[in-house]
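Shared between the two complexes below is subunit A, which pairs with subunit B and subunit C, respectively.
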Partner chain A sequence: MSSAQSGSVATRPYVDPTPLPDNIPKVQELGVSSAPLKSAAFFIGAYCKEYNEDFMLCKSENRDPSHCLKEGRRVTRCATDLINKMRENCLSQFQEHWDCLEKNNQEYYLCRKPERTLNACMFEKLGLTKTIPSAPAGKTPVHELEKPLFKAIQK
Partner chain B sequence: MSAPFKQDMPPPGGFEAVKYKRNLPFRGPGALVFLGGALLVSGFGFYRYGQGVLEKRELQREKVWSRIHLVPLLLAEGDRDAYRRREAAVAREREIMKDVEGWEAGKSVYNNAKYATPSIAIL
Partner chain C sequence: MPVPWEALIPFGLLTVMFGATGTLLNVSSGAQNLGKPIRHNIDAWDEMMMKRDEQLTGHKRGQRDDPVPPPGFETGSSTRATGGLVVLFNGKLANISDPLDPTLTYSPAVKARSKLEYAGKLSFTDTQPH
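Then we have the complex of A and B:
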């Protein structure tokens, strides 16, 4: 690294500072940590379905990182768009849910109460619903159970 | 001589009834009750366990799909970073080896066009 460092042994690994080549369009990375991502995962899956599937199909053609840069930018832009919309419309519910996830080992089943308010808000404002693919048909999905067997012991 | 005759008779009111019945006081519920009770309790337990297995399976499905939905996003970000580092490494190699004739910077060590993850990664 070009910056001055004290001591003979670097305390952090060397990170290549070279930016992307100029012929690649720049995209702002999402920069969202794990709990908000987990909170928004099903909405990202619903909102960005086409882009995600396009990207994964492209990856199955060729695993080379340079092969799917364009599709990858679309995926990131779509996710950024969704997170911005969530922050505009359902900020308090979103924040409450991912805060709960962060405090509960990122387990969905311990955070059903804030999750339900978030889901209701997302459906009302953005028309997005949380659906779990390939769940058994004709049964209440696990995130809508009134009396689940697995729940927090302390209320 | 004959003694005055006296017939031996039962006591007035008759003899009391012969006590031939066994005296067995009630000693609590029987074996079948206990067996049935144990079967009921453990049957309920097995039922709850089965319900728990089904619910746990759905919870696992939910968790897995939340991760699957995030795969393209994270993979895209990682790909951009890998591409950037690869380009930088190739540029460095080209600069270092510019005096060597016939050197192709960034050429694969395999005689195969298929992409192979680089075995040496510069962070």
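Then we have the complex of A and C:
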């Protein structure tokens, strides 16, 4: 072939050929990646409980994406709000925890020490606690166990 | 009596060969994972999150905690763009999530995928973060 072929890398920025109509409000998506999200997960659950439940119930009615746009925007805004508050108040503990998670296959049980400092800071500054919804009542939740069964091999 | 140093050559060979293999594996896995340990036991959720991380940071293992995404994250993505594009028999481009047009001829694969999507069993937007 003697004609020029386009490369596999785009030379121009991608422009959405089918943008959403203007009557749909625009919300900035959350630009946080997986490890910080995992670190903040239980706090998002505590802070944004109503909006998240609203969205899940809406989705259970109808899986069509256009049906739950409003609830989805609320979820995004709430999560962005919490991440901003976390960064304002507990930035170093947050970064330490998600750094540890990233080095440990994103497993919670291997990063209890930074998690404890983050939980303490979040409770002190924002009043949020981590609660595991399906934890059996009456027993200590696994993240508060002093002598857990599943732990890192080396200290 | 002279020391039988030739007998030590196999030990040396073994040490060097095992050492070289181990070092190569270590360096290679570190280079592929930005110096972090390999992710194991990855399920579909983790695959999806790593794909999103690649859109955000450019690398599957890259992380960022800035809530403002880089420009082009919301609309730009090879998965969103090409996930649903199909070329029909008559040469028109269509998005798989559009309802089927009765005036056009569709390939059996397109019809099958459309049927699954409208039965709620398959959605191209399900694995995307909302």
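Here, the second predicted complex is superposed on the first by the 137 of 155 C-alpha atoms of A that agree within 3 Å, B and C clash if a C-alpha of one lies under 4 Å from a C-alpha of the other, contacts with A are read in each partner's own complex, and residues count from 1 in each chain.
As a convention for this text, a residue touches a chain if its C-beta (ideal position, glycine included) is under 8 Å from a C-beta of that chain, and two chains touch if they have at least 3 such contacts.
Just so you know, these numbers come straight off a predicted model, no measurement behind them.
Once the two complexes are laid over each other on the shared chain, residue contacts for A:65 go to subunit B and to subunit C alike.
Of the two partner chains placed by the overlay, only subunit C lies in contact with A:95; subunit B stays clear of it. By the document's definition of touching, both partners, subunit B and subunit C, reach A:75. In the superposition on chain A, contact of A:105 is made with subunit C only, not with subunit B.
Subunit A is touched at more residues by one of its partners, and among subunit B and subunit C that partner is B. Within the superposed three-chain model, A:114 lies out of touch with both subunit B and subunit C [touch as defined at top].
Shared-chain residue A:83: touches subunit C; no touch with subunit B.
In the superposition on chain A, contact is made by A:30 with both subunit B and subunit C.
In the superposed model, A:45 lies in contact with subunit B only, and not with subunit C. Residues 13-16, 18-19, 29-30, 37, 55, 63, 65, 68, 72, 75-76 of subunit A touch subunit B in one complex and subunit C in the other. If you check the complex, the residues on subunit B that touch subunit A are 48, 51-52, 55-56, 58-59, 61-63, 65-73, 75-80, 82-89, 91, 115, 117, 122-123. Those residues of subunit A lying in contact with subunit B across their complex are 13-16, 18-21, 24, 27, 29-30, 37-38, 41-42, 44-45, 48, 51-52, 55-56, 59, 62-69, 71-73, 75-76, 79, 108-109, 132-136, 141-143, 145, 148-150.
Remark: subunit C residues 36-37, 39-41, 46, 49-50, 52-53, 56-57, 61-77, 81, 95, 120, 123, 125-126, 129-130 touch subunit A in the complex. Residues of subunit A touching subunit C in their complex: 13-16, 18-19, 28-37, 55, 63, 65, 68, 72, 75-76, 80, 83-84, 87, 94-95, 98, 102-106.
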